[in-house]
Amino acid sequence: MDNNVLKVNNLKTYFYTRHGTARAVNGIDFEVKHGECLCLVGESGCGKTVTALSILRLVESPPGKIVDGEVLYNNLDLTKCRIKRLRQIRGKDIAMVFQEAQSALNPVLTISDQIIEQIMLHLPLNKKEAHSRACGLLEEMGIPSVERVMNVYPHQLSGGMKQRALIAMGLSCNPQILIADEPTTAVDVTIKAQILDIFRDLKRKRQMSLLFITHDLAVVSEIGDRAVVLYGGKDVETAPVSEIIDNPKHPYTVGLIGCIPDISQTTGRLASIPGTIPSPLELPPGCPFHPRCSRVMDICRHQEPSYISISHTHKVSCFLYQ
Amino acid sequence: MGKSWLRVYIIKRLIYAVIIALGILTITFVLVRVGPSSPADKYLANLAAKGQDIAQVTAAIEARYGLDKPIWQQYIDYIGNLLRGNLGWSFSTSMPVIDLIKTHWIYSFQLILLSSIFAAVLGILIGIYSAVKQYTKTDYVFTFLSFIGVSIPSFWLGVMLILVFSVKLGIFKSYYDTALPLFSLENLKALVLPVMTLGTGMLAGYVRYTRSSMLDNLRKGFITTARAKGLPERTVIGKHAFRNALLPLVTIIMFDLGSIVFGGAYLTEIVFGIPGLGQVSFNAIFAHDYPVVMSITLIGTFMVLFINMATDIAYTYLDPRIRYD
Amino acid sequence: MRKARLFVALSLILAALFTSIACGGTQPPKPAGKQGGIFINGQAGGDAETLNWILAADASSSGYASHTVDSLATFNNKLELQLRCLAKDVEISQDGLVYTVTIRDDLKWSNGSQVTAEDYVYTLGNLMFSDWMNYPYKSMWQEEVAGNKVFVTPQVVNATTFTITRQTANPDFVYSIYDLQPYPKYIATKYEGDVKTFTEAPEFNNLTYTGNLGPYRFKEWNRNDKYVVERNPDYYLGRPIGAPYFDQYVIKLFGSSATMQAALEAGDITHCGIEPEKVNKFMGLKNIDVYTVPTTGYTLLAYNQRANGWEGLKKQAIRQALSMSINKETVSQSILLGFGQPAFSFLSPNSPLYDDKSVVKYGVGPLYDKEKAAEILYQEGYGVKQENGTIKATNKDGGLLQLVLVTDQASQASQDIALQVRKELLALGIETRVKLVPWPTLLDQYVRNKVPGSVKEAGYNNGHDAVSAESWDMMLIGLTGGLLSPTSAEVVFTTEGGMNYFGYSNPEVDELFRRLKTKEALDKNMRQQLSSKLSLLLSQDQPFDFVVFQKANQGFQKNVVGIEPGISMWYNYYLWRFE
Amino acid sequence: MTKRTRIPGKEISKPVYINTRLVNYYWQRTSRNKLAVFGLVFILFLILLALIGPSFTADPTLVDFDEKNMPPVGFTNIKSAYHIDTNEFTTTEIRGTGKHPLGTDGKGRDMLSMLVSGAMVSLQVGLIATGIALIIGTILGVLSAYAGGWVDNILMRFTDIMMTFPFFLLLVLIVFIFGPSLAFIVLAIGLTGWTGTARLVRSEALSLRTREFVTAAKALGATDKRVIFHHLIPNVMSLIIVIATMSIPGVILAEAALSFIGLGDPTVPSWGIILEAGQHSLDTAWWIAVEPGIMLFLTVLAFNFLGDGLRDAFDPRSSV
């Protein structure tokens, strides 16, 4: 028995729109190990969020649809299991924290309503117990005057507070896996640091797995154990974070790393990858990255590269290494 | 949560209501007095047939209506009486205006209440269903039907319902029978066609508003959050989406309530012969019964203002983000 | 709903006429029938305005009140006098000036006190004739003496007898007396002098005083919905036989005639009027009886003979020519589906004074002749001969002749007839513009007239030189035809008549009307002679084209018995009952 | 999945009607909505019908009492006549004929001709009354937003008063008092129906007022009049087009409702007038009430479809 808690195999999620089929997630594989923090990295539009939503089958359907692949949680395929079973897993075993706390919280319900609702749904607690549990969680998140915060509406809280409340909500039922979808994007820098601290603490204290979705390699380097780089709806490179940062293989990963501003370097312009991310409606044939790739070869234009292991922990999908 | 600002707001609104009402009264007063016609006109066929001296009768009737005084005097007298709580005497029905309203409001009220409940409950349910099943066949059918519903002229619908259900099938009576006891099954049955007539347009409107409002909210982040929590779909839609979708709905339902008495309800009352306030007021217009016209306008105005205020206050409970300062 | 207003107004007048004389005294008492049931009379018009009938100017109000108080007398279908509330008689003195009225001695107010001559005299002298009351119909009780309008003089003789004395004779005055209803002096004195408190008096508005004076007693009046009266067991006429038989008599109002007739068909109501189109259907129904009865309502086409009408209309020959080209049979057959009768006189064909031989029948038979009409127009200089030999009516200068026909938009019958007239005149080459205007506009812009430049306010007849604000040539209006009192038409036809807004003036007509109101007309033969002469004169002169008398169709549930169909079928309605 | 599209030229102060690129864009968005296209086609058909229909149909004012209450083709009706002399009834069954494909009314007028001429009335009422309401509403709204201060205050309080006035009651009052001529009815509807427009335009103009192009125009020395008529009004046009399409059905129905209660212009056979006349003969000649009702319904439906399509097209949020 391996210690993978979540395994995603060849996941494909397509959106059927008037303009054509958008292949937002087009065959992604990765696994989350017990107690680790796996980061999904990529530019916006590469399919990170859709991947996260697909795990819990939260993609709006129609127009979205999981067309292929499986999401195995304790050997249960979440893409095919009964919705009733899935609901028991949602929020209880696998919880999610969304990127914009502002819109992820229901504006007409108090914070306590929203947290307690989830606790009482999954745990055998009465209202009072649920309430004190919620208070404890908020406290853990470093929220001052918890009782007040419990009884206010989201719009009465600052952005950082909302994000913390949202995280508290995600944690409220002690999930095995917490999926955090860019939890630091919508907040300012100082808050971002605090939130990252919270996640680091969580990892340490709770021994739970974290699937962290971000476009920010700096964040990845701070909290990630392993990282999966996504491009054009596919994973292009998987490796421990240190390897990704220090020894990126895929030209795209290389480009991404190059984009991180280095304050020690005072001259020169910021590097950037030329071109734009392909539209999921018209993914280029062959390797999706080939139109932007500086080291493009003929084969890249016709054939999709397969995944190859460079080392025991490092996999990449690029013809350069085949 | 203390809402002390709410009291200030209500007082402000009340003062404002009085000013608006005064404005409307004045406009009505001017309108009814500048017209070329006289309350005596409608008798002339009768009088002429009996060979009467028309000028004399006209003078007599106008004197009895108090129209022989100068206009400003009439205006001051009217406002003065109003302030003393005296709505005046209805010449076309020979009873105090206040009694007239007291005996007739219930007919309008039951019609409007039942129609509103019928339309709101069914409209909201269908709207939610349609939104949840967006782009399915049922959704298309409901959307199309709702277009038909809002486009059908209510009075024509009433006539058609009579044609089908009363004339051809004989299931319902074609008129409303006031002799039925208020709280009885027969009364409810007698109100079926009127409620359908008045309610269909409202119902269709509510379906459309609910659907679009629900769609707006179903796309929002907190719905995904709610689903991610593992909540059953019923809670996600009923609690999370619907509570947010309710706000624009309340506006539209309340607006309907305020405007329907003298619009759709009146036409329905005409079609089915329901002696409600709508009929009373329009008959009063046709009879030049100014005290009634003025009072009904006043009541209509206050009702709209009151409903507006109630809506505003309801908002503060439905949507904690709203504050009036 | 308002569309049928004039039509409705007319039928209401009729209904009121019938219901107000809805009594019958000399009838042999019928065997006691089954008592019980509710008679529901459907009406598709407006509601009454007040039960305090003395203030009412509308037709329905006195109709409502008269279910509870009888008038002095009424007429049966043969227009024979039926004395009621009167023990003996209304006696007219030889000179026609003194009317002695003797009332019954068993009439009681609700408080038990006797209805006396004093009440009648009080009603006349202190209420109807008073300045503060300004009784709408007071001119019926006035006469002209030395250029002034003065009231007649009522006087109490004893408890059951009073007299009314005139200074000038007027044979038609007696009809005003027959219609008289009393107010209780003991209550009215409380409110005397103040029209406002009188208007709002609860006793009068709720008819709480009516004692045994009418077949029914007031029960409930839900405005715009229904008026309910209940059986009056004390009713003086019904006492020996237990009449009336219905427990309640209800006037139920409907928003449209269609729903009303549906209610009749379904058996929800007992009676209502039926439109010509639907008579056939109702005749075929098992549960319904339809009675076709004559009415006094007629439609006439007035020719404007004032300065702002077509100048040709001032000529008798032209008016005759126009009347000659409008087929009255078509109007009564095609528009009224046979429920009409061509009219040739202001007197109803049902009037005992009507003489079929002394009228000129324009618009039927040989006098419906478009060629002859064209010929007349041509001879008078209003036509040109066309190449094919036919004559086209034209203006004096040979141009297109255009006429304006105006009528009340609310009257469906008038609209129909107006369009038919347009069609008929078009055949002569006359182009008619039909103007359908609301009643107030009709009165204000077309009827009221004034001398241009004068400061005198516009009236209904401001003399020979006055004109209305808008010019017009023809006008369709509905009037009530003379049945018993020919002089009620005086206001319309005489030079000085208060409703002679179309500017007709014929000294001969004036003279005949004057004579009808003198002592010589007291003589029955003379009265007949004068009326016939007048009828002939007017039907020759054609100041109007009298178009058509309408017939009404009354539908009843078959189980109502005791109805005598006729022009005054309500006269014995207290004897009606369910099988 | 919501895909946000930027509307090209939204910020450009060129009015919609001369910006062909924008017109094309909106047309494309609208034409995606099949119902809206149906609505537009029906309205165009109606306009065509109203304009050239009368030259193909009989004179709608032509009465023929011998042919009254003729049923539409394929239906039958009983015609009866009473003969006073014989006191007898004769009844004949009449069938709809090609001469009157939709039957005749109680005056023997051809229903088809009347419906065709009624189309003109309804369109006139709908377009002109809406036009009046829009002009008043736009001017007051823009003025109010632009002037601000006490002008805004007074205008908006007046708007409040007019808005609070029970609309139909006011309409009936005005039409009853001043008489039901079609011109007056149109005017009355226009004069009472502008409040919503004024409000919406005001708020739209308020947000526009602070935009760069207005500030720029002012900085370049544009007069108030120029700013209002060249910058503010053209930019609220798209809003106005939507309001117009959405309020036309209400206006047409208001006229029909007035006619229905007997306050229509009897000299102009509008659908409402025909319908009102027909409801009295429901059991004997149902088609007189049914046919104009269907026309009225289809017209209102068409405008609703189109209005809905236009609103979606002009509203960037709704693109899916």
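As written, the chain order gives the labels A, B, C and D, with residue 1 at the start of each chain.
Rule of thumb we're sticking to: a residue touches a chain if its C-beta (ideal position, glycine included) is under 8 Å from a C-beta of that chain, and two chains touch if they have at least 3 such contacts.
Keep in mind the model is a prediction, meaning the values are calculated, not measured.
Participant: When you average C-alpha coordinates per chain, which one falls nearest the overall C-alpha average? Tell me, please.
Facilitator: If we average C-alpha coordinates per chain, B lands closest to the whole-structure average.
Participant: Need the most distant chain from subunit B, centre defined as the mean of C-alpha atoms.
Facilitator: Relative to subunit B, the chain whose C-alpha centre sits farthest away is A.
Participant: Based only on mean CA positions, could you tell me how far subunit A sits from subunit D in angstrom?
Facilitator: A distance of 53 Å separates the two centres.
Participant: Could you work out how far the Cα centre of subunit B sits from that of subunit C, in whole Å?
Facilitator: The separation of the two C-alpha centroids amounts to 40 Å.
Participant: Averaged over CA atoms, how far is the centre of subunit B from the centre of subunit D? Could you give it in whole Å?
Facilitator: From the centre of subunit B to the centre of subunit D is 22 Å.
Participant: Among the residues of subunit B, pick out those that touch two or more other chains and give their numbers.
Facilitator: Residues 36-37, 162, 167, 219, 270-271, 286.
Participant: Which positions in subunit D touch two or more other chains at once?
Facilitator: In subunit D, the residues touching two or more other chains are 179, 261, 279, 282-283.
Participant: Enumerate the residues of subunit A that touch no fewer than two other chains.
Facilitator: 60 - these are the residues of subunit A that touch more than one other chain.
Participant: Can you list the residues on subunit B that touch subunit A in the complex?
Facilitator: Residue list for subunit B touching subunit A: 134-135, 219-222, 224-232, 235, 239-240, 243-244, 318-321.
Participant: Mind listing the subunit C positions that touch subunit B in their complex?
Facilitator: Checking each residue of subunit C against subunit B gives 1-2, 6, 9-10, 13, 46-47, 49-52, 55, 57-59, 134-140, 195-196, 199-200, 205, 222-226, 253-256, 258-260, 262-263, 266, 268, 439-441, 443-444, 459-460, 478-480, 487-492, 498-499.
Participant: What does subunit D use to touch subunit C in their complex?
Facilitator: On the subunit D side, the touching residues are 61-66, 68-69, 78, 80-84, 89, 91, 106-107, 179-180, 261-263, 266-267, 276-277, 279-285.
Participant: Within the complex, which stretch of subunit C touches subunit D?
Facilitator: Listed in rising order, the residues are 1-5, 256-258, 261-262, 275-281, 283, 292, 330, 332-335, 337-339, 341, 409-410, 412, 415-416, 419-420, 422-423, 434-438, 440-441, 551.
Participant: Which residues of subunit D touch subunit B in the complex?
Facilitator: That would be residues 2, 35, 157-158, 160-161, 164-169, 172-174, 176-179, 249, 253, 256-257, 260-261, 275, 279, 282-283, 286, 289-290, 293, 296-297, 300-301, 304-305, 308 of subunit D.
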